[in-house]
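Labels A, B, C, D and E are assigned to the chains in the order they are written; within every chain, residues are numbered from 1.
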Amino acid sequence: MTILSIFDIGLVVLILAVGAASIGMREAFSAVIGFVVYGLLLSIAWVRLSAVDVALTEAAIGGGMTGMLMLGAVARLRFAKGNDSRTSLPVRLAAGILCALVAAGLAIAVLSPPEVIPTLAPMAMENLPQSGLGNPVAGVLFVYRALDTLLEKVVLILALLGVWSLAPDRMWGGIPGLRVYAQPNSKLTFLAQLLPPVGIVVAVYMCWVGAKEPGGAFQGGTVLAAMWLLVMIAGLTSVPSISQRWLRLLLVAGPMIFLAIGIAGMVLANAFLAYPAGYAKPLIVAVEVALTLSIGVALGLLAAGPPERVQRP
Amino acid sequence: MRLVLDIFTVLAVSAGAFFFLAGTVGLIRFPDALTRLHALTKVDNLGLGLVVLGLLPQANGLFGALKLVTIWLLVQLSGAIVTQLIAGTVRQHGPRE
Amino acid sequence: MIGQTTLLASAFVVPFGMLLLCLWPQILNRMPSLLAFAPIPALAAVLLVATDSSFAIGSARFHLTFAMDRPGAMLLGVSALLWIAAGAYASQYLQNRPNHGRFVVCWLMTLTGCVGVFLAADMVGFYFLLALLTLGACGLVIYHETPSAWRAGAVYIGLALLAEAFLLMAFVLLASEIPGNSLLIRDAAAALPTSPQRDLILALLIAGFGMKAGLVPFHFWMPLAYSAAPTPAAAVLSGAVVKASILGMIRFLPLGTALPDWGTAIAAAGLFAALYGVVIGITQRSPRLVLAYSSVSQMGFIIAIIGMGMLTGDGRAALAAAFYAAHHVLVKGALFLSVGVIAATGSRRLWPMLLPAAIIAVGLGGLPLTGGALAKFVADELLGDSTASTIATLSAIGTTLLMLQFLRHLASTASQDPQATANAGLVWPWLATAAVSLVVPWTLYLTVPRGTLPDPLSAAVLWKALWPVLLGGALAMALWRWWRSMPQIPKGDIIVALDGGVRAAVTWGKALQRTDSVLRQWPAATVSLLILTVALGAAVLAR
Amino acid sequence: MNAATLFGLCGAALVGLGLYGLVTNPEPLRKILAFNLLGSGVFLVFGVVAKRAAASGLGGDPVPQAMVITAIVVAFAATAMAIALVLRLLQETGRSTLSSDTSAATDTAGADS
Amino acid sequence: MPDANLLPDATTTDGVFLVLAIVLPAAGVLLSFVLGGRYAERIALVLLPSGFILATIILVDVWQSGHRLVYIVGDWKPPLGIALRADGLSAAMMVVMAIVFCAVAIFAYADFGTRAGSAEARAPFAFWILLMAIWGAMNLIFLGGDLFTLYVALELLTFAAVPLVCLDGRAETLQAALRYLIFALLGSILYLVGTALLYGSYATLDIVLLSRQIRAEPATLVAAALMTIGLFAKTALFPLHLWLPPAHAGAPAAASAVLSAVVVKGSFFLVVRLWFDVMPGMLGGAGAQLFGALGAAAIIFGSVVALQQQRLKLLIAYSTVAQIGYLFLIFPLALDAASGQLQGSGALTGGIIQAISHATAKAAMFMAAGLIYAALGHDRIAELGGIARALPMTIFAFALGGVSLIGLPPSGGFLAKWILLEATVATGQWWWALVILAGGLFTSCYMFIVLSRAVAPSGAPLKLKTAVPKYQEAAALALALTSLLLGLVALGPIDIIEVGRPDSIMVGSR
């Protein structure tokens, strides 16, 4: 029983306890707080699983952004009147038993790995140098399975369009109603003036280092979005209206450039989303920079919600 | 020399852990929100400081050490601001039931 | 040869083309006057085209094939005659009617379906044209849009589609029996007797065709439909359309090989229907209902002939049944048209109209020298002198009684204004049909190669046909005296039971809807998802 | 019982927990929270699969790790859309509920505007 | 001619069309997102027909070459990279879906066309982009060769379909959209956990490679079960259909046509891919009977509840629930009892033709219902009197759609029922034949109810709220006719659906 395995067991017990609390708790606000804590604990679990890229993503998007969205929603849901009663006991019991069965089935599957564990790691590692990347995860994301990454960006754009399409017709083209939760008093503006420069440097570093070390476009984009939201909440800059051309261009820049390079690959490197020999690294970095910007703007607007105020002419 | 540094690290980190424990006890025992806030920020910041101090010799190279210190500074900054904001809200609307 | 196939093709293509032309409103308005001309190519085809010539539409791999065989030709010919007369009657009938556009479309659909079914040689074509026939006929039944018409239409299409479900299953079973993937009815009928699922297929075929032909347990749609439909439509429905199922039976059932058990069962059912129709018919008040029940009885008799054919394995049963059915087409069509004509004529001018109706009505019962006698004569020869033939004579008596009852009710429905005379446009088609119904059976008889049969005009045969008619007349006299004590039977007789069934179905449907709305609540849906996961996991793991 | 299997069981337990929350919690926001929990459980299973397939000097097979990153971003987009829907529903009806008992399903979409 | 299925995966000659089928919609979505306003509509109206041409080229190519088209994305062969594959199954589905998309685009031009001079409006801008996104997602579902790429395609489809449900912002459509989103997300998460377990056992998610290594281990079977249930939830198969009726009935006409005809088929197609291509031997007798039982229950419940609906769009939505049941009857029928393998020919061809004829017929019926709603201002079935005289073409399209659903020849529905019935006879499972025939009868019942109300004369003279443009009726009629004449496809290349089935691989590659 090495120190680390005790730590792991403690971590797992803590994760399950906080998760169960955030599910079982009756009061929505504390459940969300529980969820944020759960998100951070989970990123530690990812570090223990030696997947640092995923730990970063989980901490940034899973814990941070989702937590912030939930907090905003809980604040506004306090005014909802007369929500329905808890589900009856027999249903809860049945659900409990069945969920336990499903979890047990999953546990059986997890507990019975094949004798020799097949892996793509060696194949991924030996083909990595051709793309000039150091970080294998970035290699998978931008070289081997580039189609998934490209499509996932289109999914993000679609989700944003879905959120925007919820606005009433007269508000279209207006300003997302990012509720300013606290008046822009001195303390928040101080934070909003001090933290963003640091945040932006961290984001750029994360995006840049993503090629060699754990990091990358997603994590950088999320930090960028967080800083932009902080500045908007503090009221230092106005929330942009959704019909501005530059905003749309910025949103689409990442996937569009990725698509353009992919199509160019068909001509120059005999396959869609293939990189011409030798130019892989610069192209990928260019795509990562564009993606970081797009993701930053997209996540920020997703958190800001549908347009709710018409722009004062 | 290596041994001395290791002992120093163990001592500093355990002191930090002790302060975290004290902060948590304060959180549970103190009567109202403001005192809890006070306990938390003060003690946890100190605890974190000690832990960072303890880890400095273990950090690989100057760059790693600088990163640890920046982490500590950032936590202090955000901790202070957030405490101020919560305290402001608590004072304005009264503790939320 | 080319002439033959194009003529045969035109029989189907002309009505189908006219149906498609109805899409343009301006042609639709002029269509009522052309109704009579649509069936003419079919008649010409029957007269000119040699039997067993066929043609196909479609590509090499999958095509609709049409062929002319003897029973088909016989039935198509008489049906074409009836369609022409009824078409003329209908164009007059529609003169002052609203929305005749829909009537014309349904009429042409039914005509196309009817001609198509008589000519169809492959199963999918037969099924498609039967469906087209059903949809068109249902449109005709619903034409007046009265509540009883809607109910009749609903019952008609409900039962028809149920029958077609049986037939579809039977055709699929047959298709899998035929070696190679030809879908011809000829090959299906050939493969049927030797197939392992012969009994299942036979049961399905008889159930399907029985429903469409109004065999007793499923006959209740006939009185409803024929009383609700407009007169020309009722004539065509009771005459030509219902014969489609008879032709289906003739073509699909293996009349060549002896199947004693099936033969007796069908013959018994047919004869029971023949008697049942008479017993219920005499209690009815309106002439149309009496005619409807007479149809039930006659169709029962024809099915009995087919049953007897299957019993003895005697190939001639097909022709005998077709011949009897052909006669029935004309007589029943003429009688229905007469109902319309008589209703429009005043009491003063009633007798010149009533006389021809009386002749052909009693002819149905077997009056000597009429087509009916001839048809019964051919049927007797086949039924042999066993109990079946005694029942046949019983049904002859009953039919005469029924027909006299019909004539009595018909007379009572003459229009109040004594001077009223039916429009010439209505009278002439009716009279033509009546005349044809007398003449055509004889001409058909001559074409049927029957050297061995004793001469139908001999005294013994005449007397054999006459005494049931006289007996029927006497019974009718007796019936009219205790008329008051006759029990009142509702129109569809066993349909009352059906209403009970419908109510049960409605309550059952409500229960299903409640379970559905329970299942669509969130907890129930997600719990059922979990149950499904566990069930599928168990099912797959325990392979 | 190495670390990977331990986290695998934790992932399976989280999936069970998330499913339970999704089924029993009436409010949509709590369902979305349960969905995120369920999602993180699934991602843990991916992480365990990656950890077990560690080879050639890597802490884990990069391919499933890349898939998890993509899945996390997609899950976040789904959560954002769901929360926007909940808030819009709150704006429209003043209540946030999934059960349509107020107006039976058969004539819900029947507002004959 | 060596069967290309056996050759190691390599980009075949016309593989580039597969990439175009993915790139065109993606570029369309991104471009119209930036340009916005009337450009979104123009881009859609240009891209969708070109998508149809592309799909036909792929279909002809697959038919002529006799084997499937393959394209290796990024020049990395599976297991490391991703391959796009188009076999007969996907090519046929892509062409029909392209036809439905073009018809819906023409139909939606009236409702979602931005008037000249008006600035960018919410609903049109969102509709055209979402339509292209659904088109792209469906193409990816049909062509995707990697289970995780198919997961991303499923998410793309859900994120594009949910906003369509609540496009007009009414309260109950918002609730329907929320229920649909959460249930669909539950489905896709279960699908994802399945892919995780499969990757754990085989270190690849490529369909062809998986089908060569698949073993009947607990991990694989649990994964298959979870993935199947996830896809059932997204296809709204019977007990899991809570979201479909309010969502499809509440959405605007063009949207409900796409939702009901196309979106539901996506996850069904994945179930077919999973069980017919990846693990044909794993679905035991019990599992197949469970699939069939759910399908039968869907047919019975869906039809009976549809019979009792007061509103036309809800009736058609429940009819979708019923018709989906037919699609899942093919699993017990396709299971060859001796070898325990799911056969690629016979019942599967029937199922695909049923899916195709349902797609076109249902799209036509929802368009017709939309026109009736626009003309009368309501769609209560009891008060549909006189509409047949007011909108004859619409009711004719609705009737033709109904005829195809009932399965009267020469419609595609008839051909599908014929093939399925032949399969019931061949496998001796007569009980499925009863269900198929009962389904046809129920369908004819509720079609008769609706048509009899529509044909009945209206009491008061009918005044239409809005004049219904002719091309909308023409679009609905065209779709109904394609569904009606689909039966004639039996004349032509009916066996194209079996091109590139995995059976040929299984035999060859051992």
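As a convention for this text, contacts are C-beta pairs under 8 Å (C-beta built on N, C-alpha and C of every residue); 3 or more make two chains touch, one makes a residue touch a chain.
This one's a predicted model, so the numbers in the text were calculated from it and none came from an experiment.
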Connectivity without subunit A (remaining chains kept where they are): B | C, D, E
{"item": "Core chain by centroid distance, with centroids computed from Cα atoms only", "value": "E"}
{"item": "Busiest interface, counted in C-beta pairs", "value": "A-D"}
{"item": "Most widely separated chain from subunit E, with each centre as the mean of CA atoms", "value": "B"}
{"item": "From subunit A, the most remote chain by mean C-alpha position", "value": "C"}
{"item": "Distance from the mean Cα position of subunit E to that of subunit B, given in whole angstrom", "value": "57"}
{"item": "Between subunit A and subunit D, centroid-to-centroid distance (C-alpha), Å", "value": "13"}
{"item": "Separation of subunit C from subunit D, taking each centre as the mean of its C-alpha atoms, in whole Å", "value": "63"}
{"item": "Subunit A and subunit E, separation of their C-alpha mean positions in angstrom", "value": "31"}
{"item": "Contacts with two or more other chains, residues of subunit A listed in rising order", "value": "87, 91, 95, 98-99, 102, 105-106, 110, 113, 117-120, 124, 144-145, 148, 152, 155, 158-159, 162, 166"}
{"item": "Subunit D, residues touching no fewer than two other chains", "value": "15, 19, 22-24, 26, 32, 45, 48, 52-53, 61, 63, 67, 70, 74, 77-78, 81, 85-86, 88, 97-99, 101, 105-106"}
{"item": "Chain pairs that touch, as defined at the top of this document", "value": "A-B, A-C, A-D, A-E, C-D, C-E, D-E"}
{"item": "Subunit A-facing residues of subunit E, complex", "value": "11, 16, 19, 22-23, 26-27, 29-30, 33-34, 36, 71-76, 79-82, 119-123, 125-126, 129-130, 133, 136, 140, 146, 148-149, 152-153, 155-156, 159-160, 162-163, 166-167, 169, 174, 193, 197, 200-204, 217-219, 222-223, 225-226"}
{"item": "Subunit D residues touching subunit E - in the complex, by the definition given at the top", "value": "15, 22, 28, 31-32, 35, 38-39, 42, 45-46, 48-49, 52-53, 61, 63-64, 67, 70-71, 74, 77-78, 81-82, 85-86, 88-89, 92-93, 97-98, 100, 103, 105-113"}
{"item": "Residues of subunit C that touch subunit D when the two form their complex", "value": "517, 520-523, 526-527, 530"}
{"item": "Subunit C contact footprint on subunit D (complex, rising order)", "value": "19, 22-24, 26, 98-99, 101, 104-106"}
{"item": "Interface residues, subunit D side, partner subunit A - complex", "value": "3-21, 23-27, 29-30, 32-34, 36-37, 40, 43-45, 47-48, 50-63, 65-70, 72-81, 83-88, 90, 94-97, 99, 101"}
